């Protein structure tokens, strides 16, 4: 599609848990500024792949290259620092904290006030806090949660919690955003709004990798689709080519097709 | 935010005023001494509260750091004739270094395993206090710890020591409040709410937990220093497993993740035995019952628990 | 967070309440018409050292009652204020502070243990108040502090009594086992320090935990050097476990215990394993066996009968420390008019006071005032004590 | 250099062997006690994810009940044991019903404080009922100690080991063979799943509590004759038992067994070859080592992150 270097490259990645081969020989890459959908039936290894990219588990074999550097075996927090951010399948907010505080924690890697800074309150600390505040407010605006900054995040309705989690992930100013089933549990209207939000995020120059069961959403917003089945990559291409791919239909759409219908 | 800061400032101003007021109006040295003990216990509870309430990591061996602070200053001032004011940073540094070394492997554990790991550490340190008798005075204890002096001011009299201890308490409160209100404090609470998510938004959870562990060790060591120069005598029993459990109890009864809860918990646990004295034989039974009842009905501690009740009553009144 | 912040002032109020309640809990003591002498007692009434503190408290109450029944001292009644240390130095410090500052006592008896005594001594020195400890440790009176006295026999004397017995039997090698607390440690120090002077070699010195269930491992180690005697330094129940273990292992080595187990309870606990054990004890344990010529006999009989009548329980070997202390203090209170310096001087000049624990002769250089005769050696035979000469 | 004539060398060897054997026997006696206490911890943890810090106090109750029934009331041995265990189990059930079940949000820290509170309460109760003195009861049988190669195995130690074996085989059979036992195990693995198939979860928790405290009582029963029983004996025993359970692997029956004996034997060898003063330190250093190297314990049934 473009001549740019890919933002993320997955090169012949293998991962096993105990005796079970969760992923084998996965290779694909993400172009900067694209939205890529990662699909596959349950147990295909999508979430495992997510956890490998975000550093939760180490890679057994193979390479993951982000912006030209290998990120194999890096800890999750370092990956956030270099620009990979994620959300979780079952929203994982800091529930006792306010909406605003959640986003402020999201900016952890983009602020630097440490123990001494907080105890001695150096002059620059206040400036940093102020900037972080402003950015947090902007993000709330961006995802459409303005006006709810001081609410306790655990008390929000589920749909808003999703939005907040995305906002929190964006707070670290990532280059790559990993969204793990962001539409799960949302109604049709909310899903449509989500689609728009993801496109808006891409417009900000953030590359998006998306795991999603909602086929219509995935097919509509993705530039590129990668299909996994039982730990192996069975197809990739534009939504149209993938939808036409016989292997995919056989392995996935054939069974999951029912799901999209209802 | 500004509102919040002003409110905090007012609180601390009132608090300092109260300390000064108490220090000058209370005449009886006994009450001054009780309040001084409360201050020392507050420091213990505060340090542990940072670890338990904010970072969500339990420690059943914190009396070890209390002991390192006390024995540190005792050994340095008596055996090496060091000025207590130089022994203070040295004792605190010793506790922090020990906390750092022990913390690296221990904080990888969680839940009961973390509890047991810290408990074991506390036991080992306590046995060292008892067995290393050439240095620590062994089970009989360490006598002859000097009086604190600063130029012409001697901290032997109750009132001076009261102000010294509560000065440290106030400073520690402000330090903790600042940490809690900062980026670090937010990250700590994030760890408490969900370690996985915290690490996924970029918080180096291991480093931060270790930092707080070291910080809380420093507060405990400071309390140990103050205890040693108040009583002039220390023995291993004061820093035993029971003492660690008492510290945890202060934090939990007072209220986790609440600075003022530490004060309340420390006050209650210092005063409770005084009040229960009337029960004589039944003292232990009543004490155990109180612990259980508070935890069953107000599991978030007295501070939060009472606030919840207050709020519920308010809501009822509103409707 | 904000919700909590809104109520911060409330929490402040809470803390004020906590402080205020302190003041409320102090019942104002109203002075009685006769202006009694108020004396303080501080003992380990509960906790691991309650076997000391409990009889001490009872004995103190006993004497005070007697003195008051007899019309008090120079017309002043005695009023005893007694607090519990639970054996904890911090609690002892708080208690003594309360006695000095709140109850305004003119003299203090106790605490029961050496660490608690050492912990409160700096306060005594500062407050300049006559103080008679009931603890054994020699550190209390060496170096001498003008205000600090003690009535319990020092472990120095107990060790001397045992070693004299060993020397008479021409023993050369002994093994030591002591409990891992202040009492055991202090005993161990004395045992090792005095060994050379008595021509003894200590081959092994082991310790055990106060709550250990089995000590065969320590005994196995001690056995290696074939000592001619084993000396155990501890308080119940550990030494009874040890005695049982020695019997079970079939060790044929004479066992010596310390005065820490000098009570009928020990024989009850150790059962048949107690047979043949030798120990130093104050004469109270063998009052009935003493010859009539013994100067202490009468005092002992009076104390035992009074104690057993009042409390309907057999007398303990430890309550006598407090009994003697109050008696000595009462004598010193005469003609003192409550003046602390006068009381102190009177205590220091006490001579030939026949007490339960021995005959006290205090002086400027001796604030324990007991001689080796305070101890006798006894042997357990047929479940009871037998006086050794 | 002089050579040691071989009969002497042989004699030396023999005495060292005898010594080591004696340490082993000493360790086995203590180890069996630790193991029985550890089983109580493990069983409860397995079914309820709870650590009962008052477990040592239930051991104390067992010991002192035994003193009353066997020592003072002179009941025959077996009825005394059974009566004691029933009494302690009832105390455990009451504790579960009144305290543990009333907790709405069973977080570990809250439960730790509640059980610590219970331990203080029970200690106080023990002091009121039995007083501050220690008690001793005679051994279950008056056989002379067994002499094995010069080392003595106390008759009570044999009792302890036999009772311990009977109890652990019994438990194993209960878990594997009976329906209730299987239901308890199912409940331990997943409360929800167990509830779906109709296992009364609350009853199972209660049963687990009863069984666990009964094991505590049993531990008290077998300790009573070899040591002295008093109201404050429980804390240290509880800690050691907890330590043993952790060493072996919390939640595993065999782990408790291995942990208990390992702890007992290492302590005895520690006395023999290191220092008796550092005996307790041996246990805890070992514990830290295991926690750092293999957090789940020697037999790790679950990962250490389990809460």
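Think of it as A, B, C and D in the order they're written, each chain with its own count starting at 1.
Criterion: a residue touches a chain if its C-beta (ideal position, glycine included) is under 8 Å from a C-beta of that chain, and two chains touch if they have at least 3 such contacts.
Computed from a predicted model, the values in this text were never measured in an experiment.
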Furthest chain, CA centroid comparison against chain B: A
Chain occupying the most central position, where position means C-alpha average: B
Chain B-chain C separation of Cα centroids, rounded to whole Å: 34
Centre-to-centre distance between chain B and chain A (centres being mean Cα positions), rounded to whole Å: 41
Computed distance of Cα centres, chain C from chain A, in Å: 72
Per-residue overlap in chain D, given as positions that touch at least 2 other chains: 127, 235, 277, 280
Of all residues in chain C, the ones touching two or more other chains: 2, 46, 180
Residues of chain B touching at least two other chains: 130-131, 283-284
Residue ranges of chain D in contact with chain C within the complex: 15, 19, 22-23, 25-27, 29-30, 33, 127, 132-136, 138, 145, 152, 154, 223, 226-228, 230, 232-233, 235-237, 267-268, 271-272, 276-277, 279-280
Of all residues in chain B, those that touch chain D in their complex: 52, 58, 105-106, 108-113, 115-117, 119-121, 123-124, 127-128, 130-131, 241, 245, 248-249, 252-253, 256, 281-292, 295-296, 299
Touching residues (chain side chain A, partner chain B) in the complex: 54, 56, 75-77, 80-81, 85-86, 88, 92-97, 101, 104-106, 108-109, 111, 113-115, 117-119, 121, 125, 128-129, 132-133, 168-169, 171-172
Parts of chain D lying in touch with chain B, wherever the complex brings them together: 45, 51, 99, 102-105, 107-110, 112-114, 116-125, 127-128, 235, 239, 242-243, 246, 250, 275, 277-278, 280-281, 284-285, 287-288, 291-292, 295, 304-307
Of chain C, residues touching chain B in the complex: 2-12, 14-16, 18-19, 21-23, 25-26, 46, 83-84, 87-91, 93-94, 97-98, 100-102, 114-115, 118-119, 121-122, 126, 137, 139, 180-182, 184-186
